[in-house]
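You will see chain A twice below: alongside chain B first, and alongside chain C after that.
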Partner chain A sequence: MKKAHVSRVIGRTGTYVIAILLVVWVLLPLYLITVMSFSTKSGVYIFPKPLFPQPISTETFLFFINSTGVLKSALNSVIVAVTSMILAIIVGAPAGYAVARYIFHGRDLYRLAVISTRAFPAVILSIPLAVTFIKWGMYDSIFSLALVHTAISLPFTVLITGSVFAGVPKDLEEAAQTLGCNGVTAFIRVTLPLALPGLAAATLFNFVGSWNEVFSSVILTVRNRTLPALVLASLNVSPLPYRFAGALFMLLPSIVFMFFIRRYLFNLWGRVVK
Partner chain B sequence: MKRIFVKQSTPYLLILPSLLFLMIFFAYPMVEAFSLSFRNPAGSWGWETFRTMVTDVAFWPALKTTLILTVIIIPVQFTLAMIMALVIQAKLKGAGFFLYIFSIPLAISELAAGIVFFAIFTDRGFLNTWLMQLGLISKPFLFLSYQNMGWLIFTVLMAEVWRSTAIVMVILVSGLQSIPKDYLEAADVFGASLWQKVTRLILPLLRPSIQVALILRTIFALQVFAVAMALAGRGMSLLASESYRWYMDYRNANVAAAYAALIMVLSILSAVIYIVALRTKPEQEMAV
Partner chain C sequence: MAEIHINEVRKTFGKVVAVNNIELTIHDHEFMVLLGPSGCGKTTLLRCLAGLEDVDSGRIFINKEDITEYPPRSRHISMVFQSYAVFPHLNIFENIAFGLRMQHLPNSEIKKRVESSAEMLQIENLLDRYPAQISGGQRQRVAVARAITVQAEVLLMDEPLSNLDALLRLEMRAELKRLIKELQTTVVYVTHDQVEALGLGDRIAVMKNGNLLQVDAPLIIYDHPANAFIGGFIGNPPMNFLPAVIDDRGIHVEETTLTLDLLPKGFKRSGSTQNIKIGIRAENIKILPSSEKNALKGKILVVEPLGSTNLLTVILGNERIKVNTHPDEIYLTGGEIWLQMASNKINWMDAETGNTLA
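Showing the complex of A and B:
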């Protein structure tokens, strides 16, 4: 008995050690890029590299933000991400609701189509779309890019909203209908409020996806770059302070968003995979 | 009569907008990718574009490096993700904190991850600083030289594993949570070791989740692009970066599309292999 207890304590301590090592593994690179971004511009080139900025300075970070095109691209990124996350939920959520609530001919086929498109992201679609957009006069437009980002996030949105709606008991909606609601008002007053947190989490996730997307952004834009497209296209010619501060600038919003959706993460995936 | 019609058309009206989107932005470009690959830039049909792709000096290195990366990334990532998932399942104090930290890379872009690891691996970077401080080397080692392809692949691997293991972890944790507690308790009662629990109980029950994660990760590994651009610049050929190069530098959308078509075929092929090898019920297949 005692021996089992001792081995459990050792096992538990071991698990903590592994957990902490993994935390260090995730956080250390983030810390190092923060050190670089808050050094002076000349501090970025120091070798050997210090573990703390010497001295702490906003010079590098401001240098990136004030570089030509950065603020405009950041604004483009936000516009594309917000547009596509709104479009994706408007187009995707009704379909998710249909899959969750109705049994209809072609439902399985539709689900299969959605599931398989989930696996074909930007790299495959961008080149043909670029050729088509040039033909249609839609090339180099952030609105076109927002449409593509919508399409990329749509399969995920349909599946996730489907599982969110499936998580709201149908009985509640039917009860509301016996109490005088019609189908639409029952949805708006009962189902929607209950589904809202899950829908919001899915939407934030789409924002991050669009904010991070680089391949189709760099292929489909020339002058109207998003931030990742701008940074990628200038990798060869940009100085280190620009790249390092740029990386941190792209990372920060994602980490904040992650914080807000972390609670929904496993619900979202759990229901879809189950 | 009218009422019934309305009810039956409702789901179709609800899926119609998404269906249109999928037709325009998935079905059409996929067909177009193949049709571009079978034409030359002047527009006449034939195998010329594929011949140009295959005879280009960068083609075989690109294919080889992409496959090497994929083959190494997947098992490393799954082992690591499984360890992370088991740590989360161990219900330590601060499990919520660990979970948040472990899932941070989920939100990090390929490009940002590539630049972060560039700061570590570049010749005047952090790793060389530490190796010299430890006295292991006397002058900076060139990890990121195209003459050291092995090391270059290693650095891309480190960045990719750091960035994209979180998604596998999330899928595995979701799967683990759906395993009934009784099973694990029963295993404890019979004195099963951790290794036995993992190999005899957890892995078999996790098969649907593992299948989802394998398909997703393999397909995304075939498209590694920005990480390699940030770390190696033009020094490393991958399928996705060759597609980019042909489109941006050589202004040849046809060869670029041929690379896209090749990635698509490899993706479908790997998905089919996983589905056949890890057969489960249809509704469990790659639902993420």
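Showing the complex of A and C:
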């Protein structure tokens, strides 16, 4: 009896230690980046790093924002992210619905195929794509880039929306049909409102994915850089304050998004609607 | 007016035959219960009626109109689901009003009809709540209210009471019966609960493995099941079965020989000796203190006082049977008794097929 008790305490302590280590491992850099971004430009170079910015200043952050090309790239990033997010949901959600609702031949194979596209390395994809885009006169356009981002995010959009739709009981749609709806009106009046939070989460997921995507952005654009592409290109030659502030600026949407989507990420593969 | 005619309907899922060429007519205003163990195809048949499943072959008619190819919304039906399927994003008023909104009725009419259905089911004080804020029993009432508000000609119910706790189920069962009587719609009601089926139905259709075994009034099904399966499935305790042999000298049950005049008039014997099964319900056996004509000798194995009855388990040779007795009659375990079966309640069944012979 006593032995079991002791081993349980040890087990629990171990779990907590590992959990805390993991959290520190993830959060510490984020915290330091935030501290540095709100220090003065000279404060960034102080070592050891202070736990709080002294004094608090927006100097570093403003320096980054006002650097050449940053605002234009940020705008590009937003356009690319929003475009790809809309395209992905328009194309992906119906596929997700089909996977969730209908049993058809090769459904599992289709699922597997959808996931396996993720295994295709972006490096191999991007170079020939750049060549093709040049041929078609689509090179260095943020809309071409949005198409690529759409393609990248589609598999996950299909899977996530699939699980969202699977979380809306089929009974509800059938009940709507017995009460006078056809397939489309049942979807619009019942399934869609219930799936909406989950769909919004999937959409935000795509936004963040596109916002952070750097590889194809670097290869496929030259003058019309997105923000990550710009930051990556200028990282080696930029001063520390620029790097810290840039990092925070890139992080922010993801963090905001995480707070939004937490609930859905936790039960991504389970029931989404309560 | 709604008469349903199911004509040779067949439905398979892969290799499983869920509904096997079923032929059934449900009369206008009739409360028809589809009863059977889980997996017998009763829900599938109901979903075929609703238009939620396509049939493989056969036709379905409502009022002589062939609705086999119609979508659910064109069939003049409404349905109560086992899960209730109450829309979580709409409040109770809008849930009940859903069908009327789809018919684009004026708001005043919708309000009137929703309130009247809500009143019938005593949920008028819940109309502005959301499904998450009410109990399971109340959600069940909402589901029924939503189905009756559209005033469809046929009301389909798929195990509507199975998710309620026992007490609530008892209460709701009686209320449903009263409500349906008032509404005068044709009802098809699916259940695996034989008590529900006996209590609610005008007629019961017993199904097994996709086949229709018997369609009859509840008490006929109870007293004279078409085969041993139905006798064992319906009733608590299930029907007793005793193997017996008929020959010219009488009916031999264990060591006792009963006289041939116990056989019903129309009984046709198949040969000089015939193996049969006697089916008799626990309450149709009389206990005698001493030997009499056509009485079987037994020994009491267990006495279970159940309040309304004393349930005895009696050993009869190699067989065990259940006997219901009046609660005031005291019996002792191990005591020897004589059992006499009520001759008009005996079911004579084929020993091998279990089918009732007469």
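The rule is simple: the second predicted complex is superposed on the first by the 229 of 274 C-alpha atoms of A that agree within 3 Å, B and C clash if a C-alpha of one lies under 4 Å from a C-alpha of the other, contacts with A are read in each partner's own complex, and residues count from 1 in each chain.
Here, a contact is a pair of C-beta atoms (placed from the backbone, for glycine too) under 8 Å apart; a residue touches a chain by one contact, two chains touch by 3 or more.
No experiment lies behind these values; they were computed from the predicted model shown.
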item	value
First, second, both or neither for A:181, with chain B first and chain C second	second
First (chain B), second (chain C), both or neither touched by A:22	first
First (chain B), second (chain C), both or neither touched by A:154	first
Contacts of A:89 with chain B and chain C, given as first, second, both or neither	neither
Touched partner set for A:81, first chain B, second chain C, both or neither	neither
A:145 touches, of chain B and chain C: first, second, both or neither?	neither
Partner touching more residues of chain A, whether chain B or chain C	B
Which of chain B and chain C A:255 touches, first, second, both or neither	first
Touching both chain C and chain B, counted on chain A across the two superposed complexes	273-274
Contact set on chain A toward chain B in their complex	11-12, 15-16, 18-19, 22-23, 25-27, 29-30, 32-33, 36, 45, 47-49, 90-92, 94-95, 97-99, 101-102, 104, 107, 110, 113-132, 147-148, 150-152, 154-156, 158-159, 208, 211-215, 218-219, 228, 231-232, 235-236, 243-244, 246-248, 250-251, 254-255, 257-259, 262, 265-266, 269-270, 272-274
Chain A residues within the chain C interface of the complex	169, 171-172, 174-182, 185, 189-190, 193-194, 273-274
Residue ranges of chain B in contact with chain A within the complex	8, 10-12, 14-15, 17-19, 21-22, 24-26, 28-30, 32-33, 36, 83-84, 87, 90, 92, 98-112, 115-120, 124-126, 128-129, 132-133, 140, 162, 170-171, 173-175, 177-178, 194, 208-209, 212, 215-216, 219-220, 223, 225-226, 229-230, 233-234, 240, 243-244, 247-248, 253, 256-257, 259-261, 263-264, 267, 271, 284-288
Residues on chain C engaged by chain A in the complex (per definition of touch)	50-52, 71-73, 77-79, 81, 83, 85, 87-89, 98-99, 102-103, 132, 146, 150, 156
